[in-house]
Amino acid sequence: MNALAGDVTRAPVERKEFEVVPIDATGIGSIEKPLSLAERLADNDLLRKLAILVVLAVVWEAYARFLGNPLLFPTFSETIQTFWRELTSGVLLDRTGVSMQVLLIGYSLGLVLSAVFTTLAVSTRIGTDLLTTLTAMFNPLPAIALLPLALIWFGLGIPSLVFVIVHSVLWAVSLNTLSGFRSVPEVLRMTGRNYNLSGVRFVMKILMPAAFPAILAGLKIGWAFAWRTLIAAELVFGVSSRSGGLGWYIFESRAELETAQVFAGLLAVIVIGLLVESVIFRTIEARTLQRWGMQR
Amino acid sequence: MNALAGDVTRAPVERKEFEVVPIDATGIGSIEKPLSLAERLADNDLLRKLAILVVLAVVWEAYARFLGNPLLFPTFSETIQTFWRELTSGVLLDRTGVSMQVLLIGYSLGLVLSAVFTTLAVSTRIGTDLLTTLTAMFNPLPAIALLPLALIWFGLGIPSLVFVIVHSVLWAVSLNTLSGFRSVPEVLRMTGRNYNLSGVRFVMKILMPAAFPAILAGLKIGWAFAWRTLIAAELVFGVSSRSGGLGWYIFESRAELETAQVFAGLLAVIVIGLLVESVIFRTIEARTLQRWGMQR
Amino acid sequence: MANPGINAGVGGGAKAPSPILDVRGATLQYKTPKHLVTATYKVDFDVYQSDRFVLLGPSGCGKSTLLKAVGGFMQPVEGTIRVRDRVVKAPGPDRMMVFQEFEQLMPWKTILQNVMFPMQATKRFDRGEIRDRALAVLDKVKLSKFIDVYPHMLSGGMKMRVAIARAMAMEPDILLMDEPFAALDALTRRKMQEELLSLWDQTRFTVLFVTHSIEEAIIVGSRILVLSPHPGRVRAELNAERFTHENVDMPEFGLLMKRIHGLLFEESEPVPEPETEAVA
Amino acid sequence: MANPGINAGVGGGAKAPSPILDVRGATLQYKTPKHLVTATYKVDFDVYQSDRFVLLGPSGCGKSTLLKAVGGFMQPVEGTIRVRDRVVKAPGPDRMMVFQEFEQLMPWKTILQNVMFPMQATKRFDRGEIRDRALAVLDKVKLSKFIDVYPHMLSGGMKMRVAIARAMAMEPDILLMDEPFAALDALTRRKMQEELLSLWDQTRFTVLFVTHSIEEAIIVGSRILVLSPHPGRVRAELNAERFTHENVDMPEFGLLMKRIHGLLFEESEPVPEPETEAVA
Amino acid sequence: PTTASAETSDLRIAKQYGLGFLPLMVMESQDFLGKRTKEAGLTVKPQWLTFGGPAAMNDALLSRNVDIVSNGPPSFLVMWNRTLNTPSSVRAVAPLSLLPMWLMTRKADIKSLDQFTSQDRIAVTAVKTSIPSIIMQMWAAKKWGQKDYQRLDPLTTSLPHPDAMAALLSKTEITAHFASPPYQYVELKRGLHRVATSYELMGAPATFSVTYATEAFAKENPKTLTAFYKAMEDSQKFIKEHPEAAADIYLKSSKEGVSKAEVLEILKDKDVQFIMRPRSFVAYAKFMKDVGTLKSTPASWKDLFFENAHGESGD
């Protein structure tokens, strides 16, 4: 049947039996293949990502020069120069500070609400229905849909922005969390219930850590959408002049056709995104998922 | 030590041994506890969700009446009337049709790209780095950041809208898919590699189905954000004559202070969201995750 | 009641104290979208204080399912399950479970934390005492060197030892064990069996033990419920109090093994075809 | 080479044909962020055509790790692993693995699809033939009634039988089995062992079999590699060709069992403390 | 892809919402452009695009996705100044309208702009960059000195006109709205009162919206541009002569919660003019240069316009 299968007529090879004392295994910790320099460099996460960033920057510069339309698409070097100028002049830091503050409030509030919602959702069936229905309804709604309610409830300014950010974070995180919760192994669930855990404690002590890979993915998406929403919302919702954040900075620069400033603002968004991803989320991953063997 | 632990001095209760012929077990399939009517009603998914929707509608109506400010927040009944009028006049259907078309193209393209990206990402380490870096960079970027490139590459109109939607879908879905891939059990991975699966085939035949819960969550989020982006983007990219989609309809109605029409437009978004969730995604879930025991 | 033959058997020990666990005509089913799978059918048995009660039966006969029902994770579609005269409605730490699957350990907790967790969660022990208890029980299963390691770094057998240590540390009223030693190597398995028996000697807790090894059933159990193949029904209930590791070579031990083997696998009487599956 | 004592032993069968699998001084390590865990240390052994080679050792001694390395999933930090004189670099269907974990089944495929999958994926068999082969092998493991069911609806033991059926259907050059029968009940286990032996009788494939049951090692194996406790090192290599189920009651069988037990658990000679862990 | 002899057959014109863009609506519906281009011996198929805001329109112009756009003078001036001496330099073709914007409030006691306190919020379409913002800055600079031109900025808040009107009428924290037609008329009807008009604050009537194109386009399509200029004259004349028809055209493409009578009333307002004469461009430019938004000012308003318009008496 199988070309490589053994010769049917032949018995296994005859060999003598033997017994030995297991060899000495002290100091075995030192056995490690040394890595070449190239391997060690390639092993460095930061270095590899930096290389990617450099390549992207070069592509940007080259393409922008080829286009030669700085009002529409400035070069990387021009953007960096502007970025640096605006950074050192303090403008960019100020604006980013304002945005970050709003963002953090909205993000944390969104997470808290999402925790409450998903806890309700896994505890009762009506909770599940409620969450899936609300998510399906509100998730596709753009921020302007909330404008009237925001105006009535919170007026203008930061509370309204926070409200919109909560809207953008809540559903994305809840959706991921719920789907994570639902794929927690049955045995682990049963273990938790065996210890009389239920309701909030069950969620906190069993479901949350067990579903952490999905939750973390949700947190990342939520974070990204909080940014997007904030920048869009600053335009829709009234910034009262001085208090504008990065979104307003970008809008203003656009209105003044300071395209390099627009891109400097976007660069700020990107830089923060990269920092958050490679510092905060990476650290969380290394401390949790990778340590627990829940992620390769 | 333990109050309920056995009496140390007492031996187990003595009992006689016995053997019996196992009782006849033919026709055991019929043993089923009959459900009460209430239980059966509560068991109906659609019915429960409908009940939730009715409650939400009542709350909306009551709150809007209490506010008495139809310019800002119309009642549910007024919205429904407008919705019906606009639906029967064909306007809403037309507009929705335009939006859906763009949406579907963008969404599918986003999924295809995301599949390509994540396949590359799991196949090579540089691919992983590239995807995580790009995601961290582009995910928080609002659509206006892409405007110049979209205009240069695709001009005005549908291709640009598609481009922006791809941007909104791609990163969210990729992020979820990648995190799903990474938490596929090691044994399953090894099984696949044992069968000489690698590259695309490995992703298609092992990782995709194994990570399906996370992927599905990503698809849902991607869908929602495609909607949000489309509605925002229609304003940015303008429309030629009367060809606008739902986003433009909402904008127009807003400019004309037809608040009820704005809400009718939003209602259309909600209705489609609910339909997609409870028909398409629900069916997919029932056919896959629930059948495979990968979700409760 | 449903099966007079069984009642006759149980009635033998006249004026016995009331049982801790009373399973009466329990039919357990899984509802799947397409099928209705009956795992056990009208099973009766009683477990008394300090019993080492073994559920023995071939693969797929519903042992795990029965254990889950006692644990409170499933409700019988017919019949009742009572613990100390109260109908079982939900899981609780008075019935600690050790599952067959390795996933029962929490990957995000170290071995020590895993063992400490149920004690902390249920608050059944003093805060100060918990760590020492956990260390002691981990020492018993020979994992003292691995207390700060995460489960994914252990071999399969070691994971199972952690799960057993965790349940033992809780000193539950009834310990429910689902083939806990199946993944252990011969020596560790024997050690664990002895450990269980010696722990039992100290506190005489009640244990409901699932296994498919006849030898293990006889060594560990004081009373053995033999189940028929799928769907699981009562085939016999036997005493095995006398046998431990020391008398594995006694002729009676061999005889009992042979008898159980016969009960399990030789269809001496014409039994109606048991594998009837209803397609819903 | 690293250990002259072992070379002397292997050298015994002079002018033997070249081995299919040649493991030489294999040291296998896990790198964790904090620890460097050595699973096996300088292990040598050869597997020849048609061997039923058993890796036997206590829990955590590195049996699974060694099997993974042969499977091509890990590279030794020291030493080499060769299959048919080619250094093992990657996994392949010439070395089919059956793992210890239930998760190896694909939850999204029915039992039949699971068994058919590797045959389809590797294109080692004709399209038309695949289904029949799968049905035949499923019949052998007594799962014909469950072919259209999804894995999550099976009991643990049944899942394992599916995994075994799947690997057997592929007729690989070397079958790598990691405690495949550990979760099976006594009868099924025996049946599976017999099945394996009878299949071997038909095609004389080569199998590398991990177990911690001495009895199973002797019954299944033609040659047994006994490993020391953690980290796994070679303790002995023994012949067991003569023994099958039929002669379990022979005195020689019992003697061999006793001998292996001694090798495994009695530290007759003063062996240096083996549990040295290096903290990186 | 056109040469001087073969001008583009695909003219893409971008318009916006609002009464200020009425001439373009009329031009589209009466096909004045088609008639004028045919006269010039061209076959032009105009393509009308609508945008939600000015920035996107500028981007579309820069990327050559539209040929002629319409915007407020400040947006145009920024564009003109930033593209000066570049391949994409722009100039204005023709003004569209001369409209006053009104500062409306629901606070009965406020009679002038300086009576707003820090408790008040004035809604403008875009803080700092929109026409009303700049007008208020100009007024503040005149009243309190150039240094203090931003004194009123903290009171402003950006909200699109419809939302601002809804907010104002709903008695939220918005107490005033610098509205454009027709919103201001609706608000007047709803009992709000006018604090000031843009004309008063600026000291002169000012152009509300203007069309512009790139010099490159003008060079390649001189006849088309002239035809467009003439079509604009036609449209403005049509509005003057047939206000009823113009009102119908307006209502067909946009309702904005007003009736035909109301539109007619607006069209008859003496402040509302659809004329080819550019007004207050230099004043805008000077102020914007003073506050640093522009880097240079035009020597004359004619620097801002293509030759077609140079016959007017602008300022």
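As written, the chains take the letters A, B, C, D and E, and residue 1 is the first residue of each chain.
As a working rule, a contact is a pair of C-beta atoms (placed from the backbone, for glycine too) under 8 Å apart; a residue touches a chain by one contact, two chains touch by 3 or more.
Keep in mind that this is a model prediction, so the values were computed, not measured.
Trainee: Treat touching chains as neighbours and tell me the shortest step distance from chain A to chain B.
Mentor: Tracing touching chains, the least step count from chain A to chain B comes to 1.
Trainee: A-D or A-C: which has the larger count of contacting C-beta pairs?
Mentor: A-D
Trainee: Quick one: report the Å distance separating chain C from chain D, using the average Cα coordinate of each chain.
Mentor: Centres of chain C and chain D (C-alpha means) sit 29 Å apart.
Trainee: Could you please state the distance in Å, as a whole number, between where the Cα atoms of chain A are centred and where those of chain E are centred?
Mentor: The mean C-alpha positions of chain A and chain E differ by 43 Å.
Trainee: Averaging over Cα atoms per chain, report the distance between chain D and chain E in Å.
Mentor: From the centre of chain D to the centre of chain E is 82 Å.
Trainee: In whole angstrom, what separates the CA-based centres of chain C and chain E?
Mentor: 83
Trainee: Multi-chain contacts only, two chains or more: what residues does chain C have there?
Mentor: Counting only residues that touch two or more other chains, chain C contributes 101, 153, 277.
Trainee: Send over the residues of chain E in touch with two or more other chains.
Mentor: Expected reply: 59, 62-63, 160, 163, 166-167, 170.
Trainee: Out of chain B, which residues touch more than one other chain, so two or more?
Mentor: Each of 69, 72, 148, 151-152, 254, 259, 291, 294 in chain B touches at least two other chains.
Trainee: Throw together a list of every chain pair that touches.
Mentor: By the stated definition, chains touch in these pairs: A-B, A-C, A-D, A-E, B-C, B-D, B-E, C-D.
Trainee: Contact residues on chain B for chain E in the complex?
Mentor: Touching chain E from chain B are residues 69, 71-72, 147-148, 151-152, 155-156, 234-241, 244, 251-252, 254-259.
Trainee: Name, in rising order, each residue of chain A that touches chain C in their complex.
Mentor: The touching residues are 185, 187-188, 190-191, 193-197, 201, 205-206, 209-210, 212, 288, 291-294.
Trainee: Spell out the residues on chain B that touch chain C in their complex, using ranges where they run on.
Mentor: Of all residues in chain B, those touching chain C are 1-2, 4-8, 10-33, 286, 290-291.
Trainee: In the complex, go through chain A and note every residue touching chain B.
Mentor: Residues 42, 45, 48-49, 52-53, 67, 69, 72-73, 125-126, 129-130, 132-133, 135-145, 148-149, 151-152, 171-172, 175-176, 179-180, 182-183, 186, 213-214, 216-218, 220-221, 223-225, 227-228, 231-232, 247, 250, 254, 259, 266, 269-270, 272-274, 276-278, 289, 294-296 of chain A touch chain B in their complex.
Trainee: Residues of chain E touching chain A in their complex?
Mentor: Residues of chain E touching chain A: 54-55, 58-59, 62-63, 75, 78-79, 82-83, 86-88, 121, 123, 126-129, 150, 153-154, 156-160, 163, 166-167, 170, 172-174, 293.
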